[in-house]
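Which chain is which? They are A, B, C, D, E and F, in the order written, and residues in each are numbered from 1.
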Amino acid sequence: MTFPAPVSPLRFSRLLLTGAAGGLGRELRPRLKRYCDTLRLSDIADLGGASPGEEMQPVRLEDRSAVADLLKGVDAVVHLGGVSVETPFDPILQANIVGVFNLYEAARIHGVKRIVFASSNHVTGFYRQDEVIDTDAPMRPDGLYGVSKAFGENLSRFYFDRYGIETACLRIGSSFPEPKDRRMLATWMSFDDLERLVVACLTAPIVGHSVIYGISDNRTKWWDNTRAAHLGYVPQDSSEPFRAAVEARQPTLDLRDPAVIYQGGAFVRTGPLE
Amino acid sequence: MTFPAPVSPLRFSRLLLTGAAGGLGRELRPRLKRYCDTLRLSDIADLGGASPGEEMQPVRLEDRSAVADLLKGVDAVVHLGGVSVETPFDPILQANIVGVFNLYEAARIHGVKRIVFASSNHVTGFYRQDEVIDTDAPMRPDGLYGVSKAFGENLSRFYFDRYGIETACLRIGSSFPEPKDRRMLATWMSFDDLERLVVACLTAPIVGHSVIYGISDNRTKWWDNTRAAHLGYVPQDSSEPFRAAVEARQPTLDLRDPAVIYQGGAFVRTGPLE
Amino acid sequence: MTFPAPVSPLRFSRLLLTGAAGGLGRELRPRLKRYCDTLRLSDIADLGGASPGEEMQPVRLEDRSAVADLLKGVDAVVHLGGVSVETPFDPILQANIVGVFNLYEAARIHGVKRIVFASSNHVTGFYRQDEVIDTDAPMRPDGLYGVSKAFGENLSRFYFDRYGIETACLRIGSSFPEPKDRRMLATWMSFDDLERLVVACLTAPIVGHSVIYGISDNRTKWWDNTRAAHLGYVPQDSSEPFRAAVEARQPTLDLRDPAVIYQGGAFVRTGPLE
Amino acid sequence: MTFPAPVSPLRFSRLLLTGAAGGLGRELRPRLKRYCDTLRLSDIADLGGASPGEEMQPVRLEDRSAVADLLKGVDAVVHLGGVSVETPFDPILQANIVGVFNLYEAARIHGVKRIVFASSNHVTGFYRQDEVIDTDAPMRPDGLYGVSKAFGENLSRFYFDRYGIETACLRIGSSFPEPKDRRMLATWMSFDDLERLVVACLTAPIVGHSVIYGISDNRTKWWDNTRAAHLGYVPQDSSEPFRAAVEARQPTLDLRDPAVIYQGGAFVRTGPLE
Amino acid sequence: MTFPAPVSPLRFSRLLLTGAAGGLGRELRPRLKRYCDTLRLSDIADLGGASPGEEMQPVRLEDRSAVADLLKGVDAVVHLGGVSVETPFDPILQANIVGVFNLYEAARIHGVKRIVFASSNHVTGFYRQDEVIDTDAPMRPDGLYGVSKAFGENLSRFYFDRYGIETACLRIGSSFPEPKDRRMLATWMSFDDLERLVVACLTAPIVGHSVIYGISDNRTKWWDNTRAAHLGYVPQDSSEPFRAAVEARQPTLDLRDPAVIYQGGAFVRTGPLE
Amino acid sequence: MTFPAPVSPLRFSRLLLTGAAGGLGRELRPRLKRYCDTLRLSDIADLGGASPGEEMQPVRLEDRSAVADLLKGVDAVVHLGGVSVETPFDPILQANIVGVFNLYEAARIHGVKRIVFASSNHVTGFYRQDEVIDTDAPMRPDGLYGVSKAFGENLSRFYFDRYGIETACLRIGSSFPEPKDRRMLATWMSFDDLERLVVACLTAPIVGHSVIYGISDNRTKWWDNTRAAHLGYVPQDSSEPFRAAVEARQPTLDLRDPAVIYQGGAFVRTGPLE
């Protein structure tokens, strides 16, 4: 099999968005459409009807041949699909481990050369909230979900070193309409900044294998993206306008609560039951 | 003795401000009142009359039992008290060494869980003005005053590791109404930024034991606060508007002068006489 | 469920050795017997007959309940089980991902507090042979096998941070009777040094979560174990006595061969077919 | 020979600008005039007529005695002279190696105490565009031009350590009226920012031997100037307003092209012919 | 006052040994005699009779003028004096803070140019026993004793930066006839190695301000002296021959005991009472 | 022009030794003969008669075409040629700058793939003798000679990054029959260790571009070769047996002497006259 020369475009013939029915997927769906002729959408949940320029291809990520088909004819992938919360191991295993392997195998087979991978801050959730880490700090996942995202980061590192498939791993903080609690004053990323981040990673001339934390320009920061400055992500939003309301709702914190101590927040209290 | 669960509040029942009659103390006094029901004030100099919500408790820091009383019923401390210039050893010993020990012992005895400690840039004053250091650089004090502040930082580190008492060590640059000389173009912190810094440290969900340089967003920087970004201090002021006036007053510098070479400025020329 | 206080012993009532029928397992079996009253052995391959003080409990690692039983009554585990070469994904998935998860869940359920985990140098196999890395260098696995070992390291990190189960991750180089090729002059670990390493990790007062490369005191080194010096592993053997014979068999190397360029050697050329 | 005390002024009696007829020299010529009584200009190309306060002293940099004369009576030097592109070795040798040696010898002889040296990003051009380096990263020049600039940086380091002559090495990215291609979105420095950078280095109280990358505040960054923050260079411009036009002209990039992979861009493809 | 040129000798006219009646002082007393014409001895405890070449000058370290007299005519100091265990603050304050200040002032006044200062591993005792630190790691003292030794290190740093008085800070582990417990297998230093270390620091051509951990070549290591290799200390002994006996006496450890978790051992449990 | 595949052999058909008539060249000449069929020798000084298996080809390094001829038919080069002491700039320029460029151009033209380059500790001679650096520390040359060796290191880095020509840069300390002074107790390398180092670099499977300090296993060390451990150089000798004699000859040192303060020793006092 031979592929055309790997090309870094600014606009794509066909982009694949997985997890398109999820919270972030629904936000990105109309926004990514602007960067491609065809936006292929996939999810296991209902995707609604296809708008012009959209095409639907729902697959289960653990279905290897369906995923292989999914990447056919695709220029680049924004992979939001999979489990995005702490659950028992089996769903995580299927979607985030088997599923991510299937995705990269499909990319290899079909010559897809760039993937924007929704990793998570929970890859490093067991660092403390009173320390600041950069993107090279050793992984300290805060649960099985975080461990599965670490798997995805390492697998994609291998596919870059071995096959030249570029991946930007986005360690997304908390992307919601607004920050919901005190922790999110540090971890929040607006939907507009999410778009900026994803588009920066899709259109950067070269991505190699990069790791970047997905946060807005918040006043409180635990994560230092200096080593990812080549990606050209400069957030424009901040959690600060929401501070007063958030603090009013949560005026005190218990300093013995692991969710207050560790960056992963409440995730560090889940995981298999003790 | 048992204490209630350590709680991180946004507003305090009773805050203690030591050194309340000093230059920075007088600035912070009305500002901190907004964050507490009662502001307890202490100094050895005249504190004037008590405003509503203020209470006076003047003590000498070297008086262990008086200091123990001082911290009774207090939620958190902003410790500006002590000697703040280079002097002979004995006053520094009493106020900044014995006094700081007394303060932490009192905090331990009364279950006070957070202290904002006015340390000083003179803890690292023997670095050169042509190098940039971060908050983890080995200490290089520029005089006995700087050595005493280093003592306070180390003592507070111990009280955190051993007793869980949180401290933010503020290595304050030069906090005055405006920068007075060329060096202060790098080291200046406005009073508004001082307030921002102190309040950030009082109200951050978790502080642990943190070190941060206290400067405004000046154009020239010797100190990199990246590792303290979790404190949420983002300065809003800058020495830049004062540059022209300062430079007009001090158009040349002697490159052989230790006060020009080292970050501590004129402090590096004091210390015990040669 | 409550467990007795976690204790760090020098000698064990019952040790579990998984992968006991493999190359390293057969070596360690008689050696580990000296450190315990009962040595429980497990593998999917034939284990031969039980010697005095041995007990057999063969399980498939992917069988969650069998693995749960396997760890019952065990003080500590030396986990060599699983796939130890590059294979298609499914066997690796079952043994090294599902299997390792099962092992840690079993350890959590039964209160086992220390695991010596046979990780692999292939976790970092895509570093070059002309660079020296330490145990904190970001992971760069050289194949699916390496990715699976990275999974095990991250999972065990989580089980330590969350449940206090200690793990020493041994990134074993090449443990054979003697080095077989030029690469192994750098990566070789004698069986005696393997024993020293495993025993050091079993009997160190405290292991926390540690990573260490498993090599003898070879003349050529790619891996710096300075950060693991607390484990007390000091190799006594070296590949040097084998150098002349090895070099005679392999007098030239092709500098364009990825197996010569990268630390993972021939593993970097395997992985899913191109 | 004795010199007056080394003084760090804000305004100079006589400044020397070499390379004054080149692209950057023509820009800086009127701007630097504002910071001195007399601006001495030198180049081997035509400098046009002298404006008031200018004096012309054209020399070939390889002419040792002429260069010695050139620095007589000079307070500080902005050294843009020499070859600024990849050429055969001999012109680079004469202008950038012999010439720079002549310049520093002249500075030593005449007691000139500060030099702003136009180094180049090509000193580190063989780093990849998907990595971010700081000013201490080991040099990786991308051609003979870059090697010659590395020579200048090392020579000036020696003249500082040995003779106290201060140098700011500006690793200039791409200083043109506007960015010409996608790479320059990362490397561009506006002429106004160039002036800010040069003036900051001329007027900083103390420079020692410093290295700083010369770029505007671009969205995409490969270079981290944190360690040079003492110089007080804060760029005010950005390549971002030019992005749309640049991307329209260069919508795709070939990811196999060394000029896309490495920071030095097309320079990495020149050098002695293969 | 003028002093003769600072000279680095191999043999001293007069050496001062403080703390000469303590455990380490009694060991070093006959050994140091070999390196000087006169060995001046000081302590507050009984020093016994003076041997030939010895002179006695007992002082209390908190007596400033007596300490000033003590350093008169001295070439170099080995300062073992002061409190060497965790006690209430006041004795530590007098001996280790006031006393060390007195010592350095006396050195400044009398032109003494090198001091070997017995610091302690307790300056960093709150690091964990499963981590390895080097001599630049931020201080984390484990008690008031450790805080006082940190004071001495910082004070001596100042006296070097300001007055050129050289100090080697020896962070002594556990120097006893033999290791007494499991922790000392990591921290032990034989008396012969203690002599090697002190003599290396006295006779190194240049010491500047250096920090080094005082341990033998033990199998288990928490401390990396790489940055102190210029001192030329290469230990010749090891705790290993004592391992079997030590382990027999202490076959199990409680992993919840702070003395097992932290490098400072039992010191971390002392400090002011909780 | 096409070359055969780059091959890393253990024994060479033809080795080139430049500077063969110098102090180190005369030592290496008989030793290197054992690793090749033909040893080509070059120098500008008298080489004496050719032994069997030797061939003479004396050239001036600044003669580009003669150097091009010199590398014809050569498998690898040990480049000791050039100026090895501080001299005026012109001889250094011709031999160490023009000459080294000629050498690498010749290597490129003739497909020579590995060069062992005699660099020097004087590349970093302005670090202090009380600090320990590794091979990545920024260059701080102590004279024009050191600057020229820095040029060679940077040029060879470029020829590796661009053309794949491997170089091991040996920052040789002091290689003499025995150490001559106190400084050489730190910097000395025996001739046997020199051979070990050169042979390790010639025969290592892959060298890339590496930097290593050339010293024996001396007790006092300023240089940390950890990052060069892949080269497999393990010194067997030490300056220690010579210590007593050396110290007897030089019992005191003047701590104000730059040659005592800086690693470069007396070189730091040479350079262009002040």
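As a working rule, a residue touches a chain if its C-beta (ideal position, glycine included) is under 8 Å from a C-beta of that chain, and two chains touch if they have at least 3 such contacts.
Chain by chain, the UniProt names read as follows: A, B, C, D, E, F = NAD(P)-dependent oxidoreductase.
The structure presented is a predicted model; accordingly, all values stated were derived computationally and were not measured.
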item: C-alpha-based rotation, subunit A on subunit D, 0 to 180 degrees, nearest 5; value: 120
item: Residue-number overlap at the subunit B/subunit E interface, same or different (half cut); value: same
item: Whole-Å gap separating subunit C and subunit E, where each centre is the average of the chain's CA atoms; value: 41
item: Distance between chain centroids, defined by C-alpha means - subunit B, subunit F (Å); value: 52
item: Residues of subunit C touching at least two other chains; value: 226
item: Pairs of chains in contact (touch as defined earlier), listed by label; value: A-B, A-C, A-D, B-D, B-E, C-E, C-F, D-F, E-F
item: Complex contacts: residues of subunit F adjacent to subunit C; value: 5-11, 113, 164, 166, 204-210, 226-232, 234
item: Subunit C-touching residues of subunit A, taken from the complex the two chains share; value: 89, 93, 97-98, 101, 105, 108, 126, 136, 138-144, 146-147, 150-151, 154-155, 157-158, 161-163, 268, 271-272, 274
item: Residues of subunit F defined as touching subunit E within the complex; value: 128-132, 182-183, 185-186, 219-222, 224, 226, 247, 251-256, 260-261
